Amino acid sequence: MRFILQDVGSKWLFSGIVVGLMFFGTVSLPASEGAQAGTSDVEAWSLVFVFALATLIGLGVIERVSRLLHTPLMSLTNAISAIAVVGAIIVAGGKEYPTEIRVLGFIALVASMTNIVSGFLITDRMLKMFKQPGSSANKEAKR
Amino acid sequence: MRFILQDVGSKWLFSGIVVGLMFFGTVSLPASEGAQAGTSDVEAWSLVFVFALATLIGLGVIERVSRLLHTPLMSLTNAISAIAVVGAIIVAGGKEYPTEIRVLGFIALVASMTNIVSGFLITDRMLKMFKQPGSSANKEAKR
Amino acid sequence: MTHVVQLAYLVATVLFVFSLHAMNDPKSARNGVRAGVLAMAIAILATWLQPGIEHHFWILVAIVLGVAIGVPLSRVPLTAVPQRTAVSHAFGGLAAGLVGTAKFIWWTYHEPSQLTQFRMGAIVFEVLFGFLTFTGSLMAAGKLQEVKWIPQRPVTYRFQNVSNIGLLGLAFLLGLLLAIDPTRAGATIFFAAIIMLALAFGVLLIIPIGGADMPTVISILNAYAGLSAVAMGFVLDNKLLITAGALDGSSGLILSIIMCRAMNRSFTNVLFGAFGQVQAAQANGDQRHYKSETIEGAAQVLGQASSVVIIPGYGLAVAQAQHRVRELYDLLTKAGVTVKFAIHPVAGRMPGHMNVLLAEAEIPYGDLVEMDEINSDMPQCDVALVIGANDVVNPAARTDKSSPIFGMPIIDADKAKTVFAIKRSKNPGFAGIDNELYFQDRTFMLFGDAKAVVGELAKQLGNG
Amino acid sequence: MTHVVQLAYLVATVLFVFSLHAMNDPKSARNGVRAGVLAMAIAILATWLQPGIEHHFWILVAIVLGVAIGVPLSRVPLTAVPQRTAVSHAFGGLAAGLVGTAKFIWWTYHEPSQLTQFRMGAIVFEVLFGFLTFTGSLMAAGKLQEVKWIPQRPVTYRFQNVSNIGLLGLAFLLGLLLAIDPTRAGATIFFAAIIMLALAFGVLLIIPIGGADMPTVISILNAYAGLSAVAMGFVLDNKLLITAGALDGSSGLILSIIMCRAMNRSFTNVLFGAFGQVQAAQANGDQRHYKSETIEGAAQVLGQASSVVIIPGYGLAVAQAQHRVRELYDLLTKAGVTVKFAIHPVAGRMPGHMNVLLAEAEIPYGDLVEMDEINSDMPQCDVALVIGANDVVNPAARTDKSSPIFGMPIIDADKAKTVFAIKRSKNPGFAGIDNELYFQDRTFMLFGDAKAVVGELAKQLGNG
């Protein structure tokens, strides 16, 4: 966390705060209807908590990723961000949706699946190349 | 996380799973009334998510605490666990509660406040003693 | 208002995480305390100012009382820190248990429709962990404080483990029945029974554990106190309770793992092993021969060494010899000797014990070296000065497969060119076993109280 | 069913965290990929098997199509990895944007009561970030791939930054208005305008940024793609989307911080600085004098050295010389020379570029040393062999306050006893400035393509 405070400095903190405030503004506007429809206030805050905690985990975990692996890390997170696939399935397959909406979901699903497949495959392809010092492949080559 | 998997091994994982399952069992029992009363299913799961994420953060952060500071760490977390104060205030001060219930809250509040005050004070007292190598207090003593 | 409260709780959560994060370095650690205090203040204010909260006088009185008890509790001597921590856990468990009980009573008698299965399940956990932690921690504190009517030695009897686990299982069963039908007939009796079982289990869990295993037990109880706060969060639908409790729980978990690992024992062994019972039987040090050295001789050797490693242990804490050690450190450093302290993770009686002790004497923490780091330098070390340490320098852990501490990582004092060992008698340490180190050729004993012996060493060096 | 789905999402969340955690060591990294694949499979199945989901044929076709496009995309040469990543981000942004649009249309026309302010706000964020990432990433990929009709150089014009920010501000304003009253008259027009503005902003954001700054931009777009997934989670009330998106967002954030820090530049400077525009103007290397060395001479010096540090840079990647470097490494190692590789965090064109490249040639990663570690050893190093690196060894970063790279941490190649530098010409590197290193007394140039020169060096050493 200190990492962040030092380096990003004003800019990111600033934009973070702006985004946060906008969100907060949106959330805190007096709800125009009862709590039943859509996400209730408390549930919305639970989602914000989940977001904040996951970000803290992310910062902690990514900071410790080996410098050797930053390129594969980029493609791994790329694959993970294709989690949008979940939303795409819901829209593409939801029984209540008319075709024109499901077409949007279909495109989104193709796009996400592409990311998942290519992201994981290329990450693994790169990681396979990292040979442990003194591993057999390496010794053989040194022969 | 590997830390955990290696060392606690079967025992804790096992008890963790038992606890988790019991919880899950409790949660997944068919709700006997509508979703309005009490916590809804989805909201309950949000709380479980918050718990899981906070635990992951805790494991990551505590693992990195300096070995020098394990004793102060014990008293610091001790103070933090006095967060039960929040529940105690709600019970002690809730306007709808009868006196006999508020007495329980009162005792709980005294107990938690004791922990907060003594926990933070003693932690700070211990931390104050840790002198940086070559700090002025130290140089003076070396004189 | 909900939004303000929830935002406050979110800020408090982040501050708590930051607080623990800051403990990764002594330089930033005090900021951690500040962040923790701020977070707690925010949490208290946000809760208090909610519209549903009245009876401000009650709250105020409780807070004043809490401060009045808390301040003196924070002034205990450092040797009493483990007991204080245990008492604190007892308070924490009590608070969680009482809040759970209050909510149960309220919902059962006033708003039964609110008592969902989910909430009932959470209340059962809260009350179980809370009250178990309450009595368990009080027992642990008693053993550590060596209160007269609490036996220090492990107390064992036939079918102990079976009956304990049976008790806990019964409590769980009752809890499950309650959770299935929270408003069943006799719910209050079920609930009362669960409380009684939890209270009893707390006591019975600690009885078979020896006083010296208490630090590990306290850490586990710490985790339980955290879990009871988590359960309270589920009951009250309060995310701050969940996050703070989870942080606390993981801290207790990791500290107990570290201790168990550094002792090469398992949780099961600590909790059910009745360790320390056989202590007296195994030691037979009196039959063997020790070489002694005079203070003058030892002071001379120390003064002529080029590197000295001091290995402190529980005896240093008992004798409160840290300030004398500081004098010795200053004199040797001034004479050009490199002095390092080798800190074993479980030296003393709580994690980090030696670090706080030496920090109290203002020894710069840069000279406190962890076991793994110093061990590779031990063969180059001229003098290893063992002050009140025993098990943590016992080479049997490396060599003797039959030893109860076999496999425990130790500080390799036996590899130093010369070893001086300060202890009062021929008695063994916590694990109750002989220490080969004391019998080896290069080891010389300096019998006596650590404070006195180190003081005299310093005097000799100062004069000479 | 809710419970099964939610449990599956929780398990997937934990697996994703584990997946990233495993990347802290190359040994465990492939387990990380496995955990990620497992998590994704669980997430997909849990979602698909929900009762509300039908039209399985559509889903199946989409998945097959995705696989059909994804597999070839994963086989691109390693030099094209940055472009591939950018294209992927574009897909990710597109998916998020489309899902947001679909939900907006559905709720507006079919279930307006469901379109709460909270959801509307989240949809606005999702669509903004999604479509901005879509066009922005496509532009970035184009610049990296050096597509003809996308200008490589930064394109600037008057009031560029002001108008860009104005555009974004307008989109935010429309979003705010929509969130205040989601079912207002003309909501669809507002929404369409937001999409257009986001698409336009994505293009305009990238136009003023030079091709070589793209890696940093890609990382920032990565963070945006993550944030759009988070917003989608808020829209769909789906916690897995939130956690995975947040992990992704923090990864993008941290990688861009690392790059900015290693270049000693700020985000603002990368995004709005139009860096690289003035490139040609500053270089005047042609007027100064270089010392050259023959292949034979250099091979001899290398063979007689006792320690060689190889400093690879972007040129090594361009020339695809890694396998030749491997030959050289083998020959030198066999001759008893200690060979280490000094890896600068931003050598090449993406973070960790050199590591993957050298790993491809099966050079054991134990010999790849980070900048901070190797710098203290540089004065003891006999030969520093700079292969296609320039800015990362430019001592002006340490000494010349007026240099655009002043303050950037560099590898101290200039402190080695002898320096050989391989490059094709007298042209400057990415920052477009002269490099004092090439003019110093102990530096000898080996002009030519990296692959050819290193190959010949190896041949000489092999024969000699």
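Labels A, B, C and D are assigned to the chains in the order they are written; within every chain, residues are numbered from 1.
We adopt the following convention: contacts are C-beta pairs under 8 Å (C-beta built on N, C-alpha and C of every residue); 3 or more make two chains touch, one makes a residue touch a chain.
This is a predicted model, so every value here is computed, not measured.
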Touching both chain A and chain D (chains): B
Farthest chain (mean CA position) relative to chain D: C
Centroid spacing, where centroids are CA-atom means, of chain B and chain D in whole angstrom: 39
For chain A paired with chain B, centre-to-centre distance based on mean C-alpha positions, whole Å: 28
Approximate Å spacing (C-alpha centroids) for the pair chain C, chain D: 46
For chain B, residues that touch 2 or more chains besides their own: 27, 42-43, 46-47, 49-50, 53-54, 56-57, 61
Where chain C touches two or more other chains at once, by residue number: 13, 17, 21, 237, 239, 243
Pairs of chains found to touch, sorted by chain label: A-B, A-C, A-D, B-C, B-D
Chain C-touching residues of chain B, taken from the complex the two chains share: 3-4, 7-9, 11-12, 22-23, 25-27, 29, 31-33, 37-39, 43-44, 47, 50-51, 54-55, 57-59, 61-97, 100-102, 104-135, 137-138, 141-142
Residues on chain A engaged by chain C in the complex (per definition of touch): 1-2, 24, 27-28, 41-42, 45-46, 48-49, 52-53, 56
Contacting residues of chain B [partner chain A, same complex]: 36, 40, 42-43, 46-47, 49-50, 53-54, 56-57, 60-61
Touching residues (chain side chain D, partner chain B) in the complex: 2-3, 6-7, 10, 13-14, 17-18, 21, 28, 237, 239, 243
